[in-house]
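First the structure, then my questions, so here it is.
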Amino acid sequence: MENDSKNNNKEGWKHKLHEILYEADTPKGKIFNIALFIVIITSIILVMLESIQEIDKEYHDFLNISEWIITILFTIEYIARIIAVKKPLKYIFSFYGIIDLLSTIPKYLSFFLVGSHSLVALRALRLMRIFRILKLARFIGESTNLVRAFKLSRAKISVFILFVFILCVILGTIMYLVESGQNSGFTSIPRSVYWAIVTLTTVGYGDIAPVSALGQFISSFIMLMGYAIIAVPTGIVSAEVATMSKRSRNTHTNTQACPNCMAIYHNDNAEYCYKCGGRLNDE
Amino acid sequence: MENDSKNNNKEGWKHKLHEILYEADTPKGKIFNIALFIVIITSIILVMLESIQEIDKEYHDFLNISEWIITILFTIEYIARIIAVKKPLKYIFSFYGIIDLLSTIPKYLSFFLVGSHSLVALRALRLMRIFRILKLARFIGESTNLVRAFKLSRAKISVFILFVFILCVILGTIMYLVESGQNSGFTSIPRSVYWAIVTLTTVGYGDIAPVSALGQFISSFIMLMGYAIIAVPTGIVSAEVATMSKRSRNTHTNTQACPNCMAIYHNDNAEYCYKCGGRLNDE
Amino acid sequence: MENDSKNNNKEGWKHKLHEILYEADTPKGKIFNIALFIVIITSIILVMLESIQEIDKEYHDFLNISEWIITILFTIEYIARIIAVKKPLKYIFSFYGIIDLLSTIPKYLSFFLVGSHSLVALRALRLMRIFRILKLARFIGESTNLVRAFKLSRAKISVFILFVFILCVILGTIMYLVESGQNSGFTSIPRSVYWAIVTLTTVGYGDIAPVSALGQFISSFIMLMGYAIIAVPTGIVSAEVATMSKRSRNTHTNTQACPNCMAIYHNDNAEYCYKCGGRLNDE
Amino acid sequence: MENDSKNNNKEGWKHKLHEILYEADTPKGKIFNIALFIVIITSIILVMLESIQEIDKEYHDFLNISEWIITILFTIEYIARIIAVKKPLKYIFSFYGIIDLLSTIPKYLSFFLVGSHSLVALRALRLMRIFRILKLARFIGESTNLVRAFKLSRAKISVFILFVFILCVILGTIMYLVESGQNSGFTSIPRSVYWAIVTLTTVGYGDIAPVSALGQFISSFIMLMGYAIIAVPTGIVSAEVATMSKRSRNTHTNTQACPNCMAIYHNDNAEYCYKCGGRLNDE
């Protein structure tokens, strides 16, 4: 029986750790997650500062020590996460598990492998945790809606992106044939395809630009086309969001509940309950 | 009693001043606001002209004197505003109060601090008063609608901008790792993040552009992605505006209710109820 | 009586000319308008070719003679238009009248004023006649819809453009203060405002680009903001087009006519005529 | 009779070949089409690699032999397609027939004509076959929807593109007059029109950019205008997609009609009619 209580104790301890590390809804979890978020932000700012040579020269030691402290904190967190979870392997090979490992390990590797240190920059990926921490905020609703709108139009947008990509391959090839003798940056087909993407998406760096009259003529067509087809994905998502927000609005608008069976979501002009056939109250 | 009438007089004088300075609806307020607007525009044109070196050389004295005149006008207006209002501190620390001060003080500071003069340019912020003056015009309806549409989608757009920013940090970091050895402008992570924002928003200056094949390949992905995700905020605002304009249309179109069966949503030119056939009231 | 018939004859002749020159619906008017369109296109191509120095050198005489022929044709057309119309002054000072004059006169002016010749390029403005000729085609419906959608959202879009412009003035001024010492193209406030417009509209030439860290940081904000606010005009027009196309669809959808009073445009679920109160037929 | 069976046999053989080559729904056709797709992708990658000079130098022989193999495969496929189809001429002069020929012939031509080899790049056009192979995938629905949305708004978008093009001709001409003396790239009207298109579509290479104050002022107007009018095509497609997806949703959602009062548009989980309270049929 003592053993049992010990077991219980141990389980309770694990359970508590799990609550802190994985659940952002409990008070302790809230505090932990916010603290974690601050540490992540700090670590990213450190990595950014380190990448600027002038700053790195001046404050190399300070940056190095700070990074070691954060690396150790991340290591402790990583181990704690493995302990707290019931199926450690599932966590280790999960999306967040791999990111957590990737953001911890490069600093240790820098002992053995010179140059591996710059991989610390992968720590930026941990920023994605913010979307889990966002669960805390009232933004979660909006965030979910955005994600849902995107998911609903994912298939349509994939087809669209595929279409645009093929178009860019064809257009890039044509421009390579037209401009290849002009010393204007269209040195190979892949580069021309890169140019076609830069142009069609209206980014337009200008590092590669047509020089010949024919090249500029074809480019003009490509741009006008790009101007017209950018409307397609926008239209798709627009319609999706509109439908979604209308549906969620409908839910809110008609707040009647059947006095008989408590069913909700009645049509606006409903006179009888669609579920039990009882008469609805008049407003 | 004399005292009282004096007080009344004083109050009346203050009230009148308040009416002129703060209320754009009264005839006097209208005139004052339009005059103020012209002075603001003039002062901004002066500041702009002064910033062009060739013009400054030629007409330095004229510009300087004009600016002093406007500064004194602004000072008088600022003091009058403090006097006219019931709670001066509230005005002083309000948004417009701070802007009004900031657009007056730099010229005086230029006596003591050399170089502080260029802060006169902050006067451009006073242009925002135009939106208060716009109350005069029929544009106010449209303006309010725009602002409302923006406010309604603010939460969604904030989440979106946050998401885009995190994406840019991650993509910038990846591009820094890929392009850092290429002498192509990706000299630090912050610069790479700056590049990612320039690219994803399809601005594309071209001051920093990928040179390596892998860098251009990843960039192509980023651009196509940016092309697809620009659709999201557009879709959100689109849906919001559509709902809003539909609602306002419904409200305005026809508010008649059938006196017989209470059915609503009649056509504008309806004379009989479409539901029960009873005669509708004439307006 | 002879006089009268002469008058009639003259009137008839004028009427015929009017029909040919101004009405694109009659067979003769159709032919004339298409011929005119071809001449306009030809003249624009000639002006374009002339502006290319290499071509101008080679074929100067041919281009010059061709232009004289077209100028004489345009002159005849211009005089004929004045004769054919009942109120010549109204035509002369109308939008198209001024364009017609502007596209004829520079060639004659080139006798007296050297350099005035290049104004022949204004002939491009005559291209706008295409929208009158388009009346011929079935595109007119679409064209009208587009114009109507634009007109409906004109007020909203004007406010929006005004807002963007003021924003650009403020942002340009701030960037001028930040970047003015950096030798990066922000040499004056007007140039900085120009840069702000180039950036916010996502054009991004790159002829002026921030160099300092703070400048790039602020630019990033401007770009993300521009990314978000581009959604606003799109949303407005979107909603407008959607409403318009729905209304025109509604008209088509419910094709019921009251058997009593022949009123149309009934609601979809109407059971009684909204005009005379008579019962509608069941489908 | 032997002859007949022979004929039948021959016909059957032809029919089988047709099934494999042209029908992507049958199992054999599926396998063939996927294999063909892989060969096309391979050939395009080979052409791309060949266009990169460094790679071409190193692996010229390998690339050349691989291309010959693929050319022979394509030739066999082309001949088989001619044999399999009932009306060979119709195939030969069809869109895909011409592309198939164009992607086979340049390699043979390179024997006789030096330089004609680079036309092998036209093989990229064969990528368009992917849209036929896509029939296999579940993406077909989305793809059809996209194409339909585009077709429905084709007339509107054509008018829009025409309008933008004429606008660019006029704006380009004006900018040529303004900037022609400035040594800023506006060397001829066609180049200025090219610049206007680059600017209005917000691509903004920066290879040509206004230098004079007036030029930059006009450009600013053009950009703001471009910012506003990009909303038009988006709005059109948006509305089209919204209408389309709503209609398809309505059809799919619920087609039940109340057996009692014939009311439609019931909720998906409705068991009783919302109008008369009668029980709905179970599906």
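Order as written gives the chain letters A, B, C and D; numbering starts at 1 within each chain.
To be clear about the criterion, a contact is a pair of C-beta atoms (placed from the backbone, for glycine too) under 8 Å apart; a residue touches a chain by one contact, two chains touch by 3 or more.
What you see is a predicted model, and the numbers here were worked out from it, not measured in a lab.
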{"item": "Any chain in contact with chain C as well as chain D", "value": "A, B"}
{"item": "From the options A-C, A-D or B-D, the pair that copies C-D, where over half of the contact pairs coincide", "value": "A-D"}
{"item": "Averaged-CA centre spacing for the pair chain B and chain A, given as whole angstrom", "value": "30"}
{"item": "Whole-Å gap between the CA centroids of chain B and chain D", "value": "41"}
{"item": "For chain D, residues contacting two or more additional chains", "value": "160, 190, 193, 202-206, 230, 234-236, 238-240, 242"}
{"item": "Touch-based graph of the chains, sorted into line, ring, star, complete or other", "value": "complete"}
{"item": "Chain D partner contacts - residues on chain A that touch it in the complex", "value": "155-156, 158-160, 162-163, 166, 169-170, 173, 176-177, 180, 187-190, 193, 199, 202-206, 209, 213, 216-217, 219-220, 223-224, 226-228, 230-232, 234-236, 238-240, 242-243, 265-267, 269-279"}
{"item": "Interfacial residue positions of chain B with respect to chain D in the complex", "value": "202-206, 234-235, 238"}
{"item": "In the complex with chain A, residue positions of chain D that touch it", "value": "44, 47-48, 51-53, 118-119, 121-122, 124-125, 127-128, 130-131, 134, 138-139, 142-143, 145-146, 149-150, 157, 160-161, 164-165, 190-191, 193-194, 197-198, 200-207, 230, 233-234, 236-242, 244-246, 249, 265-267, 269-279"}
